[in-house]
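Chains: A, B, C and D, in written order; residue numbering restarts at 1 for each.
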């Protein structure tokens, strides 16, 4: 996707552009773009990954030891983001088996998310009462 | 671009996919994709921007006051990344005027980059000799 | 709901997760941070649901059941059982991700089964399964279920290797032959469940936090892998944050124990040979009574308390709070010395003491308090053992050699509260108990502290 | 060279920039960090060049000329002139970005002139032009060019507003009528150049670092905007890093001066009314000689030196190093107290003292050393003025009221080295000079310190 637009091939590209754009737009609208992962997008996603690792690293090394247990339970709750995938398995068009697995996954992931954030909240509340 | 692929519209999308992909690939190859900025890519770029701001913020607040002058000259050198744009202006196919502006821009940006990193290096060398 | 709007919402959710973690960098902002994280999760879920057609009844039922169970567990749990609970939740997360990957293979269309998609699916199934069974075993060990204790058999490493190899082969088959993906997936999951059990079952109970942090880190990475397949930024970002957090916590724990990660995972912590001469070593141990300790405390001007795993077992934190209040009133300065791996998870002692309303400003980290411990009149070692064992400094052959410890032995007088002379997690005797300036106060941690409180009140 | 390879290389360049900044978090790793940043730039340039057809002769000529000029400036510059040089380089960067945006409007095809592309182009042209002229004025002020001093005329704010409004209108026209983009662009640039001059010319010389940091931050944001247009990740990331760095430095400086950013930019720092009673105030000033100072130092056991802008002007840092070595040999403990805005840019004093080979462990930050200044036998104030002015603490109506200062006046004896009783940047008298425990050593900073060194050697 990302591209330096000042390429010498521009005139040819321009000729092709309207057609390509129309087709691409149509495909994107109907959700087809998701089928494949083109290499340009992959690089952008890798960039996001690399930056997120940096952010995580910088912030988490700043968390004081006092809060390491809440950090553990809190980041565990965040890892329950799989819940998003579990929800998608319950799409109306899916087979019964997929839905059954999805249902179980929702139960487990929701326990992880709700329980994780709540218990972290309980713990942190104890730290806050002080002072 | 990013998309949740489990859309109910999948069958239709699938029908459209090969055509769209062919067209998009062709367009991308010839550099046409750069002409427009589709909203999916825009979101990915925004994500990159947001994460980079976080990274910058976290790291720079950790830099000790002792190194604030080198930080200033060093980050100033990094801002010379405009050099990339200046280079592209000297594409063979461009008009003489664009090339002339590009040449001037290259001179200025290179001074900024080379001078900036070098003077930072000189300063930091002074800190390192100690200890 | 257009894709860009959804993805903007996902970006907002990611930013909320980041701000949430930033909140955790200070106790004052931590509650708010956690709420921001939860809000991020809420945003991510709402925008996943918006504009799609679901099997709503089942979906809502799943959310309600899971939510209710989560609330019950989170509210009922005792603060002392936190390590177990985190292990359990971690296992649930792993289970969910193996089920999601399995469901995906059923409903994904031909076109969606690209190689990267299949690789990520296999990875999240594999990691999910190992996390699920491994975390449940870790939970059992932390609960001290008897049948999980010290399970070792010959050829264990070999069995692990064989299982791991089989899993990888099946994952490769899955990617190479997408048409038979379901079969190879579920066989792989079965083997991976076994692998998780075998990997964790022979690791010592006190090392479970390392295992859990590591597994949690891997589940984060699996989520990020799924994010690449779904081209979904919130999965990638949340996954990387969790991955980074787990790795960093693992490193901190290993460093504080001066053991390498492989040494923790593949159990090189032998029951030490030194145990046999414990009798000789402990010949000069002096024991004491609550009244005597009360006298000591009454005449002290600075007291340092070193809590350890025993305080958690005895749930002695509230009794300790009473003791601190009493000493405060008498003008005695009381501080706590917190070892980074005291207890059974990082920050374990801090949570317990916070529960008992003890100001976190009183809690000093090991490196900050060690230089001033020789100025302490009394040091109370409350259910701690390995983290104050001077052998770590003196005997290079000891299993805890080189582990930084709290220099309790440097205090004028050391009072050690525990039930017996039996060793701590590392299984080695502790010469501190026999030191000339040490007094043993035998008994359950809570009872012993309450005894001292009573004696102080009566004096 | 495929686009993905190029973009992977750009990702590598971005990571190198980040690692470079991370290196700057410690003096030990800073040199390596800066080299990583330079490597990142190299990678970005090489992959921009690869696989395209350029006007090679001109391109290489530009690189060689610019590189040579950069090297000359960087090598020839005196460490004391660092603020000027940074201003100059910043201006060059702004100039380059206005030229690039101008060139883009010439060669960009119809299809490329989308609205976001034009907005980003206009933004980088506008910011570039203001940065260019503003930085050059800042450079001139820091060089103390006479004709730039105290230029003020009535209606200046109004003129600024009118110019800014005109620029924004022209930018809007540019976006709305892409076919006449060139004309509106260059008119806008001309006006923006004027705006840059007017904005900066009435700001005090000592506030230039704030201006430069702010302009640098904006150039970073302009680069990021260009990155969105070109869908180029390295531009976005590098731009955001620079943007964050500039904003943070600006905040640090404003906080250290206890002034708001608008107050700095729109010049509310009035020549203070207090100057008239300076005569009365200074009635009790006592002056001293190098020999007397040498005696004082010889009998001291702890000396604190507070350097300021005067040390930079006098280039006294090497003389100070000699003094420190001499005192070291005699067993006198010497430390430096560094105010966050001493000198003319953040960290200015640190660079000068590092140049003179003074260990950075000796340099204490204001907040760390203030509590112990009452235990200093002698405090030498070397060319500092505002940063030790007790008025900031005592007089709420003073222009520097509330600015945190170094408590030099708390030391047993204070020796102030400067050429006269004239005020520092803030233009207000300093009661410290007349304090009972203060002695003035008049003279150029370097000469005065060398005089003390000579007296010490002879004693």
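One rule holds in what follows: contacts are C-beta pairs under 8 Å (C-beta built on N, C-alpha and C of every residue); 3 or more make two chains touch, one makes a residue touch a chain.
It should be emphasised that the depicted structure is a prediction, and the values quoted were computed from it without experimental measurement.
Using the average of C-alpha coordinates as each chain's centre, C ends up farthest from chain B.
Inter-chain spacing, taken between the CA centroids of chain A and chain D, is 40 Å.
Chain A and chain B have CA centres that are 23 Å apart.
Each of residues 1-8, 10, 14, 17, 28, 32, 34-36, 40-42, 44-45, 47-48, 51-52, 54-55, 59, 62, 88-89, 91-93 in chain B touches at least two other chains. The set of chain D residues touching two or more other chains comprises 3, 14, 18, 48, 52-53, 104, 107, 109, 111-112, 229-233, 237. Here, these are the chain pairs in contact: A-B, A-C, A-D, B-C, B-D.
Residues 1-8, 10, 14, 17, 39-40, 42-44, 46-47, 50-51, 54 of chain B touch chain C in their complex.
Interface of chain C with chain A (complex): residues 3, 14, 17-18, 20-22, 24-28, 30-31, 33-35, 37-38, 40-41, 44-45, 48-49, 52-55, 58-59, 61-63, 65-67, 69-71, 73-75, 77, 79, 82, 85-86, 89-90, 92-93, 95-97, 99-100, 102-104, 106-107, 109, 111-112, 114, 116-117, 124, 209, 212-213, 216, 219-220, 223-224, 226-246, 248-249, 252, 338, 340, 345-348, 350-351, 354-355, 357-361, 363, 365.
Taken in their complex, chain A has these residues touching chain B: 1-10, 12-14, 16-17, 19-28, 30-36, 38, 40-41, 44-45, 47-48, 51-52, 54-55, 58-59, 62, 88-89, 91-93. Those residues of chain C that touch chain B in the complex are listed here as 2-4, 6-8, 10-11, 14-15, 18, 48, 52-53, 107-109, 111-112, 229-233, 237.
Against chain D, the residues of chain B that register as touching in their complex are 28, 32, 34-37, 41-42, 45, 48-49, 52-53, 55-57, 59-95, 97-99, 101-131.
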